[in-house]
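Two complexes come next, and they have one chain in common, subunit A, joined by subunit B in the first and subunit C in the second.
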Partner chain A sequence: MTVTTSLPAPGRALRRPGSGLAGGRRRAGYLFVSLYVVLLVLFGVAPTAYALYLSLTRPGSKWAGLHNFLATAHDYRFVPALEHIAVYLLVWLVVLVVLVLLLALLLHGGIKKLVPVFRFLFYIPGALAGSASVLVWLFMLDPPISPWHPVESLFHLSSLPQVVEPGHLPFIFAMIAFWTGAGGWIVVMNGALNNISDEVLESARIDGANAVQVALRVKLPLIRKWVVYMVILAFAAGTQLFVEPTLVSTASFGEVSQFWSPNQLAYYTAFTEANFNYAAAISVDLLIVCALVAGLLVFRSKLFEIE
Partner chain B sequence: MGSNKDRASIHRKGAGVIAATMAFTVATAGATGASAAAPRRGAASEALTIWVDSARLPMAKAYAKTHPGVDVKIVTFDGGANGDGSIESKVALFNRIGRGWPDIIFSEEANDVQRLAAPQFQNFSAVLNKGLVPDKVLSGYAKGALYPCMVGGKLECLRNDMAFDVLWVNMPLMKQWGYTVPSTWQQWQAIGESVAKNHPGYIVGTAGDSFDDSIYLQAAQCPVNEVVNAYTVLDNPNDPHCTRMGKLLDPLLTDKSLPVVYSLASTFGKQYANKTLMLIGPAWYSGAIFEGTGSEFNSPKGTWAAYPPLAWGSPTARAFTGDVGGGLWIMSSHAANPKLTAQAMTWLATSTTSQDLSQGYPGYVPAARSWIAQQDKSQFFAKPLAPTFAKAVGEVWTGWSESQWDVYGLWASNVLPNLASGSTFSSQIPVLASQISNAAAVAGFQVVTKR
Partner chain C sequence: MVQATTGHPSTAPRPVAAADPPVRPRAGRPSLRRSTVLRLAWWVVMLAFTAFFIVPVLWVLLAPTKSDHQLVYQSPMAFGSLGTFVRTWDAIYGFQGHELLTWLGNSAVYSVGGLVLALACAIPAGYGLALTQFIGRRVLLSVTLIVMIMPPSALVLPLFLEMNLFHLLGTAWSVVLPFGFFPFGVYLCYIFFSSSIPKELLAAARVDGATEWDVFRRVALPLARPIVALVGFFAFVANWTNFFLPYVMFYNDRQYPLPVGLEYLVSSTSAFNPVAGAQSPVLRPELAMATLVAIAPVFLVFLFAQRALVTGMLAGATKG
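Coming up: the complex of A and B.
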């Protein structure tokens, strides 16, 4: 008869759950996240649940099934709003990823002494409040008062009605979004690049890689997860586009529609037409799209796997 | 545009929850409008909450000053400017929570009462012609002035000011170039073509505003937005009254004597203060465009004069004109003291003390006489406004309805971009009609092309 006795792993028998150093750390962890969890439930989970409830009911809390989703999908404003945001996202995400990475890599590979200066310069536009920075752009766009008037003249743009034509809007909003939001991401990517060990970079150089090869074949793959993270949040923010078209709509005396983006349409439906159920359905549409895209990117990139 | 830079958590599984939650939160955050809500104070029967835009603030203050026995709380907001729906948004929210409604609201949008008449707003506007406002007060209004307030047979607001269009003329320039002030649309068009040829860069009007549909199509009696009965709208862009105006304007758009620019943008004065021979526009252009340091042109005294609306074809033909807005006073059906509220609103809308402070031509005739006398006292304009305004106020074409949908908004977002990129006016009338048809259908209206 063989008696097998397994010994506890080092430390396990000595540290019961909830006691000692590990327990203390765990409690501190719970304490630190508790406030966030409370706010998350109050301002994240609860409104989401309420939106889901509204989207599936009619006024008076009667069950509506998918009626609100079908009715809003047939609204003549819904498909154009989706088209607008799709084109905008295409422009915005491509510009964001390409330029942020390019500038971050240039920053990282540049003269070390100048890095803090450029990092600060990139960050400045992002320090402005969102709506204030959009207002700055309104001045930049209006030909009679714009400092870029000579450039606009090259494109035969002499008045604001011409500048804010529908075909220009995705590019205008992408420009505004890049100017206001990309600086922060450049700083983040610079931080990610700084985490790459010097030994890895040195090894690449010893193996004969030039600066471009180091950037494309070594640095980029190592910050891939950060890029995915940026795309997830930028996609979510992009689909919710609201401030830019709303302010440009006001400045253009309505030439840009009040329901240019789906988020604007949801707002208009809720608060001008007082149809909260339809608005909730549009919001849930956006939620599903964002969640699907985020999920796809997370699983394809193995974003949260610890290496 | 939000951007999260939570670097520390990126490699932790917990970040998945954060990222997903952010996506969920932003996806459901459709409603972020700032609230100007005035919580109802106590149960004092002599208390009133009045919401006004900044332009009407002096009127509300005058009421508070002349009625010291009433506890008046004044809240300023944007007045629902440019159809932004701020009034509807607040009413919808108050309806949901069952409290918080103001007693009186001033609206800059002439169609706000029609919007609030939609079932989902739960009869917010009080009915005034069933005893709340005396008939003798209502009969003092100019013909057609209360038309935007009528919902079925019920009167649901009091008009503040009228916004009929007139012909504004730069008199020194007109004299210098030897033109005669036109009295028909055709004469005006001929001058426009002559100006484009002989004085390039000068203009005889504009075509870049959201309300140009009203200035040109309403004046032409074009039936694209006539609510003929409850839930039926007449919308026929092929009517000869529509097409004739399109043909008249097309050459002026081509030769740039009618440019596609916003007349209310701060840049309009910079570009055209010294390049404008004529403008066709509302009575309130007097203050908005011509007179005073806050106006677009800030013109010298004696430069501008107002002439009556243009007739079609013959100077002796009956002229019709458009109506660009005009504010409304709306009373809440939830007012705790309906009698006091109705009296206060009547004072604001009709008393000379209040209306002398109005920025536009009052809809209430006795107040209008006092107001226009005040305006003409300064002798800023080259000839008195009173005769022209008195004539124009009765020439507004009532076949252009105020409706639940925002026709100005539809024109601005669907037609203006096309005009700016070179489309003809004629080609855009069906575009507007199509948008009206869509919007009317969403509001539950049947669209017809014949009466």
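Coming up: the complex of A and C.
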């Protein structure tokens, strides 16, 4: 600051009072963000950097290069965990996009007075996010006590271990994630749909489009960027699956493996095998994936304006 | 649906119908039938999904009114008795010396502690990012957005390794401090301050000789009450329902918050194992009761903060 103001450039004298003020405001700016920046560095940047450091070293701080990453690639547990998460993500994202759009469009095209009612009813399971939702669905899926028992007996499922067999898990976890998360996304999509101007919808109707055509050809393209936003956030969150397989593994008396998802495997290697370098390598893999998709969304989509 | 219903009357004054009256009823009837079918389909889908979303919640509310035996042999949605509800409560309340109460207290301390820290960071930071200029502002904003989109659980194991390094494992700080780092809250405050506070108001205060800190404290902060509630709501819900972070940070079950306590209950009582669980004091009704205790605070916050919720979800999706 002092350097620029001491420059004897023409017109400086006129601007000097202004730039002095701006300088004060700039210092104030640093002060306002300081506490947040401290936490960002301590609990965002530092753990990431430390995990990166651990992932590139062996116990005793010896440089390991990509050894830990190569070891994960050859781990008999890591590849299946990746496959599990891939199947889960596929099921979860398809279910999420199709059903959230269906419900949001039905809600928006429906009786206006009922919108807040349904929106709230669909949002309620959000209060059970986390382990509560998994527990509730363990009850719901336990054939002797389930309200959906007739449906389950159609599929010849009579005990919990049969229900939570490995092949079913991606579907069960997608259902739990949908149950707790869909309501929030319906709120978002509903808000986006409310932003569409009435003239656009009116002119479509005058052109002879019926309700279904208006929904699919007019409304849907106009909320596309929110769908992208939802898919990216759901994808990033989906790679992190932990509480669901952990609880199902606990409740099913070990039927389900303790390293069903990559995060579980990272947890297992850190806690049971005390192999922090290896656990860090898995965490770094997941962090990179999440940072990439987040960066893509921030810089490539036009959702966020950083003026 | 509204299009279908309002579309129907609007067919009446159509020139064709007006020019040829006898045709009108015949042309009207299929459209009437079509709209009835559509309306019926609408209700079927909406009610089916309402059942999907709500039946599990009702089930959990009803389960503690029944014994484990009744859960199996009575209709799933039947109400048991209030007496059983009290007995269920006594059983879960007495579990390991009122441990449920300890977990509830822990949850409150961690969630509220994290929330207060998050607010103390996010409000000045959002204000600074929106209304002051400084070098690195754009970078900080971009980093905030990226971290906001990344799921918090991606940082859990790195945080565990860090806390292990600093010997903070097993202390309340190991969860409260990371809870305080809440980029979504910073972003919400940033949007609020850049869209809701007129810059002229701040300029006027500066002309009157107020320092930057005065401007923030006397002008901006009193106007920021809605955003305090909004960020508080999202921070509280996120902290209260967080499972992974406390799960890795605490090794003593006395320090668990409720979500981890639920997992502990499942593991220590085998409620889902009819053989091992037969003698356990905690069976499925007790587990359902513990779930109710765990979700009640968030549910209450939901009831009172519906408006905040809708605005916040939308602010998260778009700036404006």
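Simple rule for what comes next: the second predicted complex is superposed on the first by the 249 of 307 C-alpha atoms of A that agree within 3 Å, B and C clash if a C-alpha of one lies under 4 Å from a C-alpha of the other, contacts with A are read in each partner's own complex, and residues count from 1 in each chain.
Note that in this section contacts are C-beta pairs under 8 Å (C-beta built on N, C-alpha and C of every residue); 3 or more make two chains touch, one makes a residue touch a chain.
In this text, all values refer to a predicted model and were calculated from it rather than measured experimentally.
Student: Counting only touches as set out at the top, which of subunit B and subunit C does A:242 meet: first, second, both, neither?
Tutor: Once the two structures are laid over each other on A, A:242 reaches both partners.
Student: Under the stated touch criterion, which partner chain does A:283 make contact with: subunit B (first), subunit C (second), both, or neither?
Tutor: both
Student: Mind working out whether A:144 is in touch with subunit B, subunit C, both or neither, as first, second, both or neither?
Tutor: both
Student: Between subunit B and subunit C, which one contacts more residues of subunit A in the superposed model?
Tutor: For subunit A, the partner with the higher number of touched residues is C.
Student: Quick one: is A:131 in contact with subunit B, with subunit C, with both, or with neither? Answer first, second, both or neither.
Tutor: Touch partner of A:131: subunit C, not subunit B.
Student: In the superposed arrangement, which partner chain does A:303 touch: subunit B (first), subunit C (second), both, or neither?
Tutor: Both partners, subunit B and subunit C.
Student: Once the structures are superposed on A, label A:205 by its partner contacts, choosing first (subunit B), second (subunit C), both or neither.
Tutor: A:205 contacts subunit C only, not subunit B.
Student: After the superposition on A, what does A:51 contact: first (subunit B), second (subunit C), both or neither?
Tutor: It touches subunit B and subunit C both.
Student: Just subunit B (first), just subunit C (second), both, or neither: which does A:267 touch?
Tutor: The answer is both, since A:267 touches subunit B and subunit C.
Student: If you lay the two complexes on top of each other, which residues of subunit A touch subunit B in one and subunit C in the other?
Tutor: 33, 40, 43-44, 47-48, 51, 126, 130, 142, 144-145, 160, 184, 187-188, 191-192, 226, 229, 232-233, 236-237, 239-240, 242-243, 250, 252-253, 263, 266-267, 270-271, 276, 279-280, 282-283, 286-287, 290-291, 294, 298, 303-304, 306.
Student: In their complex, what parts of subunit A are in touch with subunit C?
Tutor: Within the complex, subunit A contacts subunit C at residues 21-22, 24-33, 35-37, 39-40, 42-44, 46-48, 50-51, 54, 99, 102-103, 106-107, 109-112, 116, 118-132, 135-140, 142, 144-147, 149, 160, 179, 182-184, 187-188, 191-192, 201, 205, 210-211, 214, 226, 229, 232-233, 236-237, 239-240, 242-243, 246-247, 250-253, 263, 266-267, 270-271, 276, 279-280, 282-283, 286-287, 290-291, 293-295, 297-299, 303-306.
Student: Across the complex, what residues on subunit A touch subunit B?
Tutor: 33, 40, 43-45, 47-48, 51, 59, 75-76, 126, 130, 142-145, 159-162, 164-166, 177, 180-181, 184-185, 187-188, 191-192, 225-226, 229, 232-234, 236-244, 249-250, 252-258, 260, 263, 266-268, 270-276, 279-280, 282-284, 286-287, 289-291, 294, 298, 303-304, 306
Student: In the complex of these two chains, what residues of subunit B are touching subunit A?
Tutor: Residues of subunit B touching subunit A: 1-5, 7, 10-16, 19-33, 82-85, 88-89, 91-93, 95-96, 115, 118, 120-121, 208-210, 259-262, 264-267, 270-271, 408-409, 411-414, 416-417, 419-421, 438, 441-442.
Student: Mind pulling up the subunit C residues that touch subunit A in the complex?
Tutor: Result: residues 1-4, 7, 38, 42, 45-46, 49-50, 52-57, 59-60, 63, 71-72, 76-77, 117, 120-122, 124-125, 127-129, 132-135, 137-138, 140-151, 153-162, 164-165, 177-178, 180-181, 183, 186, 206, 211-213, 216, 237, 241-244, 247-248, 259-260, 262-263, 266-267, 270-273, 284, 287-288, 291, 294-295, 298-299, 302, 306, 309-310, 313-314, 316-320 of subunit C touch subunit A.
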